[in-house]
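Scrolling down, you'll hit the structures one after another.
In the two assemblies presented below, subunit A is common to both, partnered first by subunit B and then by subunit C.
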Partner chain A sequence: MLLSQYLKYQTERNLYLGQNFSRHLVQKNITPEEVISIHKVALEEIQELGMTDTMIISLDFLTEFMIQYGLALREHKILVEQQESMNHEIELAAKVQNTMLRTKKPELDGVDIDFLSVPAGKMNGDYVYFQDDDSDFVGIGVADVVGKGIPAALCMSMVKNGLDTLGQASISPAYALDVLNRIVEKSVEDNMFISMFYGRYDNEESVFTYASAGHEPALYYCAREEKFYDLDESKGLLLGILPDVHYMESSIKLAKNDMIIIMTDGVTECRTENERFLSRQELIDMIYNVKDETPGDLAHSVFKALEKFQAFHQRDDFTLAVIKKVQ
Partner chain B sequence: MDVSSVSILTEWDIVAARQMGRSEAKTIGFGAVDQARITTAISELARNIYLYAEQGSVTIGRFEKDGKVGIRVIAEDQGPGIGDVQLVLQDGYSSSYGLGAGLPGVKRLMDEFDIQTEVGEGTKITIVKWLS
Partner chain C sequence: MDLTVNIKTQQDNSILGVISGEIDAHTAPKLREQLLAIDTKSTNKAVLDLAGVGYMDSTGIGVIVAFYKSVIADGGELTLIGLSPRLKRLFDITGLSGIIHVEEEA
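Moving on, here comes the complex of A and B:
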């Protein structure tokens, strides 16, 4: 019917009707070979065409091709469905992860502590942990699994369990890393490494003590000088490389409005569209511009600025934690 | 029930198997599209024998069960067998990666599909399509 119309009047309208019809056929899972067969029957019915046998036979040849296309199409549909259900599973896994790893930000008079962690994909390979009890101490761990995505995220539950067993906020950062290193070394495959920064703030003395297992150097902001310094005296070995490692720790005294900013390499290794890396100075300038915001807002503002720097294509998990002495 | 058989030794035997399948399907009463589908399925099985088992046979015949009429094709070889059947029947598997052909394609083109295979002993794949 449609065909005979089009053969008579080759209008765009008739083609459009044909398009609608074909949409309908695709929806109903009609295979391409069946479409040809419908076409063939229609041709044979329109007698005035005087279809020759050769022309009809040529359609059989076409059918042979279309069977392959039809199979590919159907397989494609099935693969898309599979992908959807996989995505769904990953989303559920991410939710489970979030619940499992949820950490409450500590409340301590005189200090404001906050953080922001945004995964590049659905699951986060960065992790921020707080060790908080009724003492004057608060512990903060920031970990980053080398690699990202699902395997990295799974690794994090182990880090959390390790930190949970340490128990106390007053624990020494170097000791915390020694213990975690042993746990990670024993339970993770050889090709998985974790970098971690562990710090402890002593509210009574206003002293921040820290140790690093191959982690990005944290920044110290000195409010009096309005200047940033790297805290990188102790860039130890990544967790999980050697069984017996002893980490070094250092301390720094904080004055009012001083800050410690702990990051993962999702912050420091940002790249522009043209593969230009963010320089340390650019990062410091970004933070300087928002230094008077609260820690939560500051983390958020830096994330926004970096999102723009990367042309809205975040490649690695982003984590930034801020400890600010406010009194 | 009359059946005919082709041994698969060279690539041209695949053509012979196709030929036999198409004419048998026509005799049984399948339409042009189904004839082409059955032929494609036979082609895939025969090609697998030629590629992976080096030699074997394809047997084709009219088939009746529970009052239904159809065509049955048995592709059999004493080749290396298939280790992980579940894997090769998975969509997207096969060296043609997501082109839909291969064993999952065969399964889809036909109404019934059965595979018996033992590593080191061989493979027997039976497929049926019913006249409807």
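Moving on, here comes the complex of A and C:
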């Protein structure tokens, strides 16, 4: 009926009716080859067309072709369904990650500590951990697991459990990394590793002690000189590469308004649309511009500035943690 | 940007792999596949030329580390040559230049 109408009057309305009908067929899971055979039967019924045998046979030929398209279509439908269920699972995993690895910032008189961690995808490959008890010490670990997604998140819970087991804020950063390295090395594949910066602040003495396992150097801001320095004196190997590694630690005394800024490579490896890397000086300038903000605001402001720098296309997980001596 | 990997066995039986392009999460699996195909048992020296590598992220480091582990497990040694200052810094920061021999580009 639709076809004979259209053959007589090629109006927009008749074409529109055809479109509606095809949508209906898609909904009913009618395959392309079935559509052609419906078309064929319709043509045969309209006698005034005088269909020749050759034309009819050519439609059979076309039907054979369409069978492959029909199979591809079914495959596509199954894939879409599978993807939906996988997305659902990833969302559940991300929720578990958020609950299990939730980080609470520590409260300590005289020092303001805050952080911001924004994943590029659904799951975060960066992790911030605070070791906080009733003592005058506070420990802070910033880790970046190679890769992203679920394997990274599973690796992260290993770091959390390790640090939970160590349990004391006064623990030596180098010792903490020694222990974590042993745990990680035993449990990861050859191409997995974690970079980690671990620092401990002694509030009584105003001394910050740190060790690094292959992590981006933290920045030290000296308020008196209004200058930034890289904390790169204690470099060590990434976690998970060799079984027995002994890390070194260094210390620095903080004065009022001095800051320690710990970040991951989502900050330092920022690139513009034209593949130009953020220079260390540009990063320092960004931080300098907002140095008088509270640590929480500072981290947000730097994130906003970096979003702009990379034209709002965040490629890697972003993490920035700030420790500021306020008294 | 695409990644090209060209692996040859030298006259002294050492292996030279010339890599160029970007090594990131997209291209790392390809590099991994090609490096894994190398028979590290039949050679005791492997050299990777990274002069054409403009960018490497942590996934790329992962591939290099896995290759390093497989080379030393078979008693060989790995050298990386032609590193740009940016790559050299990456290997210094990660502490890998302490265990893998690295040379900056001339």
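The rule is simple: the second predicted complex is superposed on the first by the 327 of 327 C-alpha atoms of A that agree within 3 Å, B and C clash if a C-alpha of one lies under 4 Å from a C-alpha of the other, contacts with A are read in each partner's own complex, and residues count from 1 in each chain.
Heads up, the rule we're going with is that contacts are C-beta pairs under 8 Å (C-beta built on N, C-alpha and C of every residue); 3 or more make two chains touch, one makes a residue touch a chain.
These numbers were taken from a predicted model, which means no experiment stands behind them.
Under the clash rule set out above, the superposition-derived model of subunit A with subunit B and subunit C shows the two partners fitting side by side. Within the superposed three-chain arrangement, the count of touched residues of subunit A is higher for C, of the candidates subunit B and subunit C. In the superposition on chain A, A:33 makes contact with subunit B only, not with subunit C. Contacts of A:67 after superposition: subunit B is touched, whereas subunit C is not reached.
By the touch criterion defined above, A:242 reaches subunit C but does not reach subunit B.
Once the two complexes are laid over each other on the shared chain, residue contacts for A:217 go to subunit C alone; subunit B is not touched.
Once chain A of one complex is fitted onto chain A of the other, the partner contacts of A:78 are limited to subunit B, with no touch recorded for subunit C.
Contacts of A:316 after superposition: subunit C is touched, whereas subunit B is not reached. Taking the Cα centre of subunit A as vertex, the centres of subunit B and subunit C in the superposed model span 80°, given to the nearest 10. Our summary of the superposed model lists a minimum C-alpha distance of 19 Å between subunit B and subunit C. Note for the complex: subunit B touches subunit A at residues 31-33, 36-37, 39-40, 91-92, 98-101, 104-105, 108-109. By the touch rule above, subunit C contacts subunit A in their complex via residues 25, 32, 55, 57-59, 61-63, 65-66, 69-70, 86, 92-96, 98-99.
Contact residues of subunit A toward subunit B in the complex are 33-34, 36-37, 40, 60, 63-64, 67-68, 70-76, 78-79, 82. Those residues of subunit A whose C-beta lies close enough to touch subunit C in the complex are 144, 146-148, 189-193, 195, 213-217, 232, 235-238, 241-242, 265, 269, 275, 277, 316.
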